[in-house]
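Notes for the one structure printed next.
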Amino acid sequence: MVPYNQKNPFSYVFKFHKADTFRKLLPFIVLFCLYAWAVAYLVKEYYHLPDSSPLHKVTLMHALLGFAISTLLVFRTNTAYDRWWEGRKLWGALVNNSRNLAMKLNAILPENMVEDRTFFSKVIPAFALVLHDHLHKENTRTELFEDAQHGHIFNEIDEDKHIPNQVGAIIYKRVQKLLAQKVITGEQLLFINAELQSLADICGACERIKNTPIPFSYSVFIKKFIFIYVATLPFGYVFDLGYLVIPVTAFILYVLASLELIAEEIEDPFGGDQNDVPTDKIAANIQKNVADIL
Amino acid sequence: MVPYNQKNPFSYVFKFHKADTFRKLLPFIVLFCLYAWAVAYLVKEYYHLPDSSPLHKVTLMHALLGFAISTLLVFRTNTAYDRWWEGRKLWGALVNNSRNLAMKLNAILPENMVEDRTFFSKVIPAFALVLHDHLHKENTRTELFEDAQHGHIFNEIDEDKHIPNQVGAIIYKRVQKLLAQKVITGEQLLFINAELQSLADICGACERIKNTPIPFSYSVFIKKFIFIYVATLPFGYVFDLGYLVIPVTAFILYVLASLELIAEEIEDPFGGDQNDVPTDKIAANIQKNVADIL
Amino acid sequence: MVPYNQKNPFSYVFKFHKADTFRKLLPFIVLFCLYAWAVAYLVKEYYHLPDSSPLHKVTLMHALLGFAISTLLVFRTNTAYDRWWEGRKLWGALVNNSRNLAMKLNAILPENMVEDRTFFSKVIPAFALVLHDHLHKENTRTELFEDAQHGHIFNEIDEDKHIPNQVGAIIYKRVQKLLAQKVITGEQLLFINAELQSLADICGACERIKNTPIPFSYSVFIKKFIFIYVATLPFGYVFDLGYLVIPVTAFILYVLASLELIAEEIEDPFGGDQNDVPTDKIAANIQKNVADIL
Amino acid sequence: MVPYNQKNPFSYVFKFHKADTFRKLLPFIVLFCLYAWAVAYLVKEYYHLPDSSPLHKVTLMHALLGFAISTLLVFRTNTAYDRWWEGRKLWGALVNNSRNLAMKLNAILPENMVEDRTFFSKVIPAFALVLHDHLHKENTRTELFEDAQHGHIFNEIDEDKHIPNQVGAIIYKRVQKLLAQKVITGEQLLFINAELQSLADICGACERIKNTPIPFSYSVFIKKFIFIYVATLPFGYVFDLGYLVIPVTAFILYVLASLELIAEEIEDPFGGDQNDVPTDKIAANIQKNVADIL
Amino acid sequence: MVPYNQKNPFSYVFKFHKADTFRKLLPFIVLFCLYAWAVAYLVKEYYHLPDSSPLHKVTLMHALLGFAISTLLVFRTNTAYDRWWEGRKLWGALVNNSRNLAMKLNAILPENMVEDRTFFSKVIPAFALVLHDHLHKENTRTELFEDAQHGHIFNEIDEDKHIPNQVGAIIYKRVQKLLAQKVITGEQLLFINAELQSLADICGACERIKNTPIPFSYSVFIKKFIFIYVATLPFGYVFDLGYLVIPVTAFILYVLASLELIAEEIEDPFGGDQNDVPTDKIAANIQKNVADIL
């Protein structure tokens, strides 16, 4: 995400940030301007088509489908935004559950069980970190958690298998050991159940969002629709607009393609784009919070 | 689902995948072109109707209802997408609950209770597999889980009755046996309650989505509306567009019918279509995950 | 609900099913055609109003409000659909909870407690059946559950009071008895709590949907809006369309009134209409499932 | 709420109920007709402005913003409806939880603990009644629950403090007393936890809906937008419509203002309007249900 | 939030409150009027462009994109409203959970454990207060809770670390102490689990809303779209409207920019704006409620 200054809402109109769709679409827009120019030249100067040409009335189609294309693109944006926001919520829930688990264990574990306390202060943020790595297909930085005392635990992780699952399993095992040792009671096990459970739930939900783009035929259809719609625009408009057809249709292309582009970008909130959920910062934040508590 | 390359967003404009609505609609579009040509021929060359003909003004109706048809189709797409996404979420939840159940049992069951551990490592993914078979009306592949030790359990399944329910009942029975044997305590029963419960809940929710298409009168109404709308289009547009009416109205047909077609395809996410939830892959994934854990 | 063949999506265009809005609206449409004909006759042949008549420009209003009426009707459909889908989900949840409760009791109750097992195998589906009867104001068919052994339990039900509540209370009483007898433990009571609770929750939610139509002033407003909108349509359109105004405005009436009609039909999913939730089939299904399990 | 006959859907078109927006808007509409008449008189007969006057083209603005005003008003209706429906759901949940709590206590409390049974059969519906009074700022009718045996409990309620909270606290206290007396066990406390908790949750959620109108600047903006939009309408339309501008613009005013009016009415579902959630009937219903059970 | 009188719905049309977008946009609107005047002067009086100028037809673009800009802005408003409403719901949940926790502890803690009772009557509202301060980056007013008896607890809070977490941890610690002292049982710990857990959940969710504006590229795109759309409006409209183009386009600017402005304001419900969630009042309310109960 790019933090932005909300005090001066219109200051971004003239700036072209890296995440700006205008920058990404620039090559397309330039190409399209050449195309529109060619159409204008052919219609107006080469064939000298009169205003009564049937081609002029293709605008009827654009007017009729203008509503359809707009609503479709807003629906597209809407579903993409919902996924992005769900991704953000999942990581928010990871923060909450990590904090709650740390606070509960802090209260349950006697002050003198130092080893167990450090274990959890390492392993809770470790889950967030390996989940970040898992979602971004990065090498897992478990070394962060390796110290003389707990290194052997993380060393047992098999990097070819599902890593967050293995970290989850380690946490469950340790909790069970504490139960067997009567450090925690059966009721206290239930007390921390929701937090333990949420770890695998959040991991699975992130994987779901990451692995499931919107239905393929839908995505292809929208691209075809935009392409044909915009490619036929200059034919109808050139009669009324002359060479002005170039900036006008380019602007329409910019609007429609931007919506599609933004939707594609935000529908995978774990892709490493500018607008994505800052999973690394959130994981670091969890690490800090848990260290403060335990 | 068809995985697609998100780096090159406009590469699909000129390709015609199997799941592409254009391929499916092609026969309709060809027929419609012939129809539009016949209308154009009759109006322009046979009857020589003048532009002042009242038929020309049928376009008024198309403009007025253009909003209605677009919003309706987007609403239609929206509900279909919600069902598809709900189906995907249910199978995501099945993954999460299978993993959590495996991790919890892994922690609870002593290392030396090998038979119980293999039992659960077989029966948890079995639920996902029989649910896949159940939703796709395939023969149940319980043989996958048959081995010398547990074969007799799966052999008791009556293939004429509801199979996922029977697998669920087997799981509950075994858990209860472990409780009676004091391997697990009452609190630990509650500890795994949410996961056990979710199995039947997910199965029932998938059945609900599969068995309940959108209300029949609604579905019929949309088809009639599109049909009449598109069939009357050439009459109004032929006066302005001449023979150009053929590609123009064919494109409008393509847009409207595609939306309806995509909605029909994705509203049943367990139908075996290209865009459907890949329940077999998810079930295989659960099998792999559970085997890694237990 | 009417099952329909999704393979041949456009086959319904020419058929007129019982649930088809076209059949229900036919008398209105015929009346309206007469009205539109009268308007056309008066304007065109009796008064010979010229195209420059201000009446011609009433179309301005229809264009301006065309968007409002479409979005309103789609919003109306949307809320009606949400209620219908919620009703369907509630009965889906009833299936899930009945199954889970049966599976759990099957595991908990010793094989030799035959009387208790038959009791639950009768009383769980009984809840679904009396809820169906309650929602459709039918006589309760508790006789289905009467046998020598349990008849006296159902005979105590007072048919003038709230019947599903009484069945619910019977279930709670029996569970409590089993707890007092130490057949089930305190933890097992919590284990089946969610399912027991859901029975009254589902019943209450169905009643809520059934008893609460959309706000009255909203419903009245939409009807008035459609009526005035459609009744004034022929005046504006007759100048351009002549006698073609009859089919054109009749089609617009068909579209707008269909949306309102479908919304009215599906907003009460327990009304016994063609599109309604098949509560009797679902209840029978629960009976079958529970009998298979217990 | 006004119950209505769904069999005859179009019978309301010519009736003007008390809740009908037409009745409430009548004075505004009459005033506006005078205004539109004045505009028509000035433009057509006093200044004799020609059709080529720029004023004529103000309609361009109305066409452009027609979409915006319609979508905005539908969004407004949507959020208002959501709040109304949430309010209805909360009271539905209150019914469910009161019933479940009564059924559970009926099963838990021995038949001979008459005093405790009457206590709960009085105090559970009392919560609904005081919540109704609290939301409608009426005097609390706790006298309904006063009898020789329990009068002293309700007499302790301080009418200047938050009354539903005090009733909630009384319930919790009694439950705790039963726990101390070992009438209910720790597991049974958890068994009824969800219902106890829901009482304060429902109360708080109703207060939230009641105290939080939609953002002030949004509400003001919509009113200004409608006002300016409608006030400028006659200027553009008078050239084409002559004195017909009066009914046409009055109808547009009726449509837009009705949507805003309905939204304002239903956004507070506890205001005592015709369309509001019938909290008094629901509370009476709870009283009857609980009396039947306990 | 600004309380407003719902009886007189149209009284706000002529008032300009502090939160009114008109006041905030006034400088932009004045500037824009000058710009529109300059365009009108150049087109009409300096260059004397004829109506047949291609510039005249730029209105085609505005008509085509009119749908897109309206739907986009309503979608924008919608997501902003959802965040605002979620923020309000979270603080409503904080009220509910604080009340429930107080009522439960009131019932659980013996009357004579005065110190523990005052502790919770101080620390529960303290959480709401420090959360308010945390969200508004104000100095924490823990002094409110400092008294001879508990001052030392709050003095231990490290103001450079996450304060709500520390208050949460204090609550958990005390609950655990009561459990160790056998004042509360294991079941009672589970009884208050949901309320304890909700504190950190609500805090995390508020932080999520506060820290995550809508995707940057989306926000920038909307601003650019509005800017170019409005800046090109006068060119097309001046031919038809003459100097009337100034108020007309200024009004369109007012409508579009207001929607964006309101969305920006309400999307952060904890920013201290006029329309924001009144977290300080809610926190004070919690303090009063809890004091009444405990």
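The letters A, B, C, D and E name the chains in turn, as written, and every chain counts its residues from 1.
Note that in this section a residue touches a chain if its C-beta (ideal position, glycine included) is under 8 Å from a C-beta of that chain, and two chains touch if they have at least 3 such contacts.
This structure is a prediction, so every number in the text was calculated from the model and none was measured.
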- line: Under the touch definition above, the chains in contact with both chain C and chain D are none
Message: So the centre of each chain is just the mean of its C-alpha atoms; given that, what is the distance between chain B and chain D in Å?
response: 37
Message: If a residue has to touch 2 or more other chains to count, which residues of chain E qualify?
response: 63, 67, 71, 185-187, 190
Field: Pairwise touch network: line, ring, star, complete, or other
entry: ring
Statement: Going round from chain B via chain C, the chains run B, C, D, E, A
Field: Touching residues on chain A, where the partner in the complex is chain B
entry: 28, 54-55, 57-58, 60-61, 63-65, 67-68, 71-72, 75, 79, 161-162, 165-166, 168-169, 172-173, 175-176, 185-187, 189-190, 193, 197, 200-201, 203-205, 207-208, 212-221, 223-225, 227-228, 260-261, 264, 268, 271
Query: Across the complex, what residues on chain D touch chain C?
result: 1-4, 6, 9-10, 12-13, 17, 19-22, 59, 62-63, 66-67, 69-71, 73-74, 77-78, 81, 84, 88-89, 92-93, 95-96, 99-100, 103-104, 106-108, 185-188, 190-191, 194-195, 237, 240-244, 248, 251-252, 255-256, 258-259, 262, 265-266, 274-275, 289, 292-293
